[in-house]
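Got a structure for you, written out below as structure tokens; questions coming shortly.
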Amino acid sequence: MTRIGIINPNSTSSMTTAIGAAALRAAHKTTEIIAMQNDRGPASIEGAVDGARAVPGLLDCIERAERGGAMDAYIIACFDDTGLDAARMLTRKPVIGIGEAAARIAAMISRRFTIITTLPVSIPVLEDNLVRYGLASVGTVRASGIPVLGLEADPSAALSTIGEGIRDALRVDRSGAIVLGCAGMADMAQQLSDLHSVPVVEGVSAAVRLAELLTSLELQPRATRTALPRHCSDDVGPR
Amino acid sequence: MTRIGIINPNSTSSMTTAIGAAALRAAHKTTEIIAMQNDRGPASIEGAVDGARAVPGLLDCIERAERGGAMDAYIIACFDDTGLDAARMLTRKPVIGIGEAAARIAAMISRRFTIITTLPVSIPVLEDNLVRYGLASVGTVRASGIPVLGLEADPSAALSTIGEGIRDALRVDRSGAIVLGCAGMADMAQQLSDLHSVPVVEGVSAAVRLAELLTSLELQPRATRTALPRHCSDDVGPR
Amino acid sequence: MTRIGIINPNSTSSMTTAIGAAALRAAHKTTEIIAMQNDRGPASIEGAVDGARAVPGLLDCIERAERGGAMDAYIIACFDDTGLDAARMLTRKPVIGIGEAAARIAAMISRRFTIITTLPVSIPVLEDNLVRYGLASVGTVRASGIPVLGLEADPSAALSTIGEGIRDALRVDRSGAIVLGCAGMADMAQQLSDLHSVPVVEGVSAAVRLAELLTSLELQPRATRTALPRHCSDDVGPR
Amino acid sequence: MTRIGIINPNSTSSMTTAIGAAALRAAHKTTEIIAMQNDRGPASIEGAVDGARAVPGLLDCIERAERGGAMDAYIIACFDDTGLDAARMLTRKPVIGIGEAAARIAAMISRRFTIITTLPVSIPVLEDNLVRYGLASVGTVRASGIPVLGLEADPSAALSTIGEGIRDALRVDRSGAIVLGCAGMADMAQQLSDLHSVPVVEGVSAAVRLAELLTSLELQPRATRTALPRHCSDDVGPR
Amino acid sequence: MTRIGIINPNSTSSMTTAIGAAALRAAHKTTEIIAMQNDRGPASIEGAVDGARAVPGLLDCIERAERGGAMDAYIIACFDDTGLDAARMLTRKPVIGIGEAAARIAAMISRRFTIITTLPVSIPVLEDNLVRYGLASVGTVRASGIPVLGLEADPSAALSTIGEGIRDALRVDRSGAIVLGCAGMADMAQQLSDLHSVPVVEGVSAAVRLAELLTSLELQPRATRTALPRHCSDDVGPR
Amino acid sequence: MTRIGIINPNSTSSMTTAIGAAALRAAHKTTEIIAMQNDRGPASIEGAVDGARAVPGLLDCIERAERGGAMDAYIIACFDDTGLDAARMLTRKPVIGIGEAAARIAAMISRRFTIITTLPVSIPVLEDNLVRYGLASVGTVRASGIPVLGLEADPSAALSTIGEGIRDALRVDRSGAIVLGCAGMADMAQQLSDLHSVPVVEGVSAAVRLAELLTSLELQPRATRTALPRHCSDDVGPR
């Protein structure tokens, strides 16, 4: 049994539930999904300030889980990949952000891809992440302009607006795959894919599958950073 | 049942067998591995000439399999990712090269990684591939100098020589993961990992798992290129 | 007398003839042009699959010529520079692709240039080549949308459509030179140059002249790859 | 009178005092330095985990100061530039990190420069920052291996060890300026400069002067992010 | 007292006067501005030829001033940063170009910025400079199309035309700061900033403040190149 | 008859003679070489200051020749490509720098190449030029440390010292071609090539041949910059 802890960095229970359910749908039957919520986190994460406020509680989640020792991998369920570098210092087990997962998968199925996110405030964060992943020259970021609540309030208008972004992505950016940059769009993935005849990658499912993959390969990722004075680093190899 | 066709681009049966066996070891029990051999290919692939001569037969393999319609994904089992772009034009199903798979996995578990290959003649090919994958700034390529046959002839000398390359990779390149750039090194993966306390990624297992992942996500990767006049391209979106 | 072998990687005689004639027109009178045809190749090359299928026969052409020992240089007359890396492994003599030749010449006469090719399916190949040549930041690729046969079928409509691409290149891409990305456009070079008052570079003539130049400099390009086990590589210098 | 708030993201009072004193020494006499301490922060910051835990309190500092409305600029006194992006979302006033300040100054006085930091664990963070500042091709990062306490414990050994790093920077990296990547090295700046005849840039003084500069130019940096739903972004211009 | 020599590389007295006045307005009261004029220079500098003709006299200015020994820093008051590299070889004191100053300041206050210059002939020079400063991915260059004289002839038309460029910069380039790429626009800075609610950076004031900053940090920038055979270089460190 | 004006940017007659002779040796018999000397230039060019002082006279040379109207192309015979951008503004005819010529030729015959220059002071200039040509990732620059006079004073010691640089280039930089970065090394080209079994590219011959090539292709390179107010630019296309 593979145990994957998927962490909602914000403190909204309904989102934690939805994330857990989405993860479960994507998981193999031999995978157990443990949804965790950062109770200290903000209600939602839109932009760098929210993201920063979410990280300490996120790190506590992982440290707590590590003391229990039961998890085989962790997923950070915020498309900004909030706190990813810090989280990777806490454990040797795989830690995956749903943004990174979706982007790397998209890069394997198309020469170019576009991330459609909600609001423009997220564009710089996602663009910086693409640079970090080496995907800045093959990925673009577009904002639908629809806040998370708008997705639920008027789904068909959302579908239409997101559809415009997709058409621009195909025509102007010449992308061959779309990445949904917000968990709230996940339910639209299949519909959008059918409507526009383009592969649509969603972050939670991509991350669950990648976590299963990395776990099954039985690699020891990074050197762990324990409470000891951290003077070892990834860059000189683990000891 | 997921059916993955793994193609040996060269015509050496013993290698096809070994590749198939390695793939089977890595596969989930719900995955069927079909090992295919390119009978028209050269005996082995070392460098751009061999690689080029291997591609037409490799493409025939895929076209034949596509006519059968049974495969869900394809893996090209040559670390140079020989013929990958052309192969992707033949089908909408995922096509993965073992070099690409290993490199992308390594990039998810360490900031920097080094590919240890056999002979220097392969270095330019692999470096070009790293550029294509956006990983040129995080991956380096080193040659052990041991030809494939040398790996089998004197495994402990090989272990030692490859070990020197790994130490250089850790110390000079500051890598935190090693990628084995030759199927012939696959059996040494675990030993090398334990000896040097560093994650070691091997291409066949990485590719099998990625193929399973992409298949399970039920994405439609590229627009298919059929026998019809190919005037559609990925760059303007699939039809 | 300088002897340049110019190889048509496809198997269409009329194209071989046309290529040879164009090469002859560009050559100095002390240069002998030997046009060679890849009889094993596809009828035409449009995209990565055709390109891949053309390479083995192309390599055979060069190997055969090398056994004869008469050639001083080789030109691969496909704008995709099909098989260029592999071909360079077969001889120490200069091997030039007409795409590379045209791009490098254009880069010497203008800060920015645009390649106008026929169909969109070629755009990714040419863009990848520009990256390889270090010209990705100064060259763009546009597709006229006209297949090769359309150039001959309705030349004035072709002139007009290509003209639109040139105007976009000048205005949007701010290019100062145009590269014709298809041999079939070669006859329009002068007309297009006059119509739009912009330098137009054509691949066959550029390649012939570059082959003459490299030959006359009497450089020994790459270390030759003979039938001996190829374990020397360019990267550690020739021996 | 210009009022600059300089924030120690960690909770160690002696460091806050030292930072404030260093800032005061660098400041013009018309500048008032207000040293602020993040009481919620970790005792020190070494690596991404500490950095992440420091940010929420750092942001609180700035929000509190903004409500008072007295500050003209803010400096984040951690060489990692911890929380810089998030902090810039909270105010239109200049926010400067001492790492960014030192790096940008060094880039104006030498073609190449090297940051000498304490421990290897900081190298990835600083390298990522150099990429963000566009300075990755002109700046390198070296670790002295001496933890902060070691600087105080045996200053002359520290001077010697750091000197080795400086010699490597000059000889191997061909740098013409040194940046001290740790506040604890600040007192050695003049000595190291004289010993090695090389300009040495220190972060607190660089940041104070840059803060004075940006303030005096009376620019309105970023659009402010207030408590209102943040749907404006820098990328579409301020409103 | 800090003494800054600001050099007008062209020979037009009215411009030297205006530059000196602008510098004085920006300077601290403890800074003395010495405006110098290159009497051997062209009447104005528009493009690479003018720029090249201006440099020898510019260098003479600096050499003469160095013999006097009174200056603490130099500013080259041409937005092209004409002769900057050569000037830096003549002295250890800071030498700053107003283009470099403005660009580096803009990069500290906004993720993206746009330089609005006068005529298109300057675009390549400024773009090359952005590459040199590591700012090519965050800065764009637009030409208003208004020559210098047009700015004075019809200021309100100029304001309007430049305003269009600013709107394009905000909307299309997604810039958050504007840099005025011509001294003749300096007087419009505040008006443009207010009109478009965007920070506007002007080169002379930015450079004066940066010169004051670098001087106050008491760094020894480059190794001086004296009349002795110059065989020391910045790249192996100063002696 | 093709007439190529090759300009010595410095004022040393013996060098002008040597350059003219080298050009003549490389030229086709239908090419007339006109050697021109910049009498206003410095005695030699070593570094950015000399280079800058040489440019105005160089531009005068070209303007004078253009008034005569006899030249078909120009070569700037300084390996720094001194004044190349400005010179290209003066004429529509090809203008080539010997550094650019040699680098672009080397890039066509080897994956990697190294420029061996005389003194370290030239390294930054040449590295900047490689960036401009898109060759920064394939070319390196090494300094032999031998000044021009040393080449003539003790040729065999020079041969030996340069040989060390070549060995480093092959072994460390993994280069497959050498470019001689100084006209004074030209006579050693063949000897060095034979000694080290590596292609050696020399700038004057490369430039002469490229000038012949560009002339024979009858392209109109850049829009001419005449004495008229220069408000057209390459970037919006020629008129």
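By letter and in written order, the chains are A, B, C, D, E and F; residue numbering begins at 1 in each of them.
By our rule, a residue touches a chain if its C-beta (ideal position, glycine included) is under 8 Å from a C-beta of that chain, and two chains touch if they have at least 3 such contacts.
Since the model is a prediction, treat every value here as computed from it, not as a measurement.
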Based on mean C-alpha positions, I'd like to know which chain lies farthest from subunit E. B
Which of these, D-E, E-F or C-F, makes the same contacts as B-C in over half of the contact pairs? E-F
Can you give the whole-Å distance between the Cα centres of subunit A and subunit B? 26
CA centroid of subunit C to CA centroid of subunit E, Å: 44
What positions in subunit F touch 2 or more of the other chains? 111, 124, 234-236
Chains as vertices, touching pairs as edges: which of line, ring, star, complete or other describes this one? ring
Circling the ring from subunit A via subunit D, which chains come up in turn? A, D, E, F, C, B
Sites on subunit D touched by subunit E in the complex: 28, 94, 96, 100, 104-105, 107-112, 133-138, 170-171, 174-177, 193, 196-201, 205-206, 209-210, 212-214, 216-217, 219-223, 234-239
Please output the residues of subunit C touching subunit B within their complex, sorted ascending. 46-49, 51-53, 55-56, 59, 83, 85-86, 88-90, 119-121, 123-125, 128, 131-132, 147, 225, 229-236
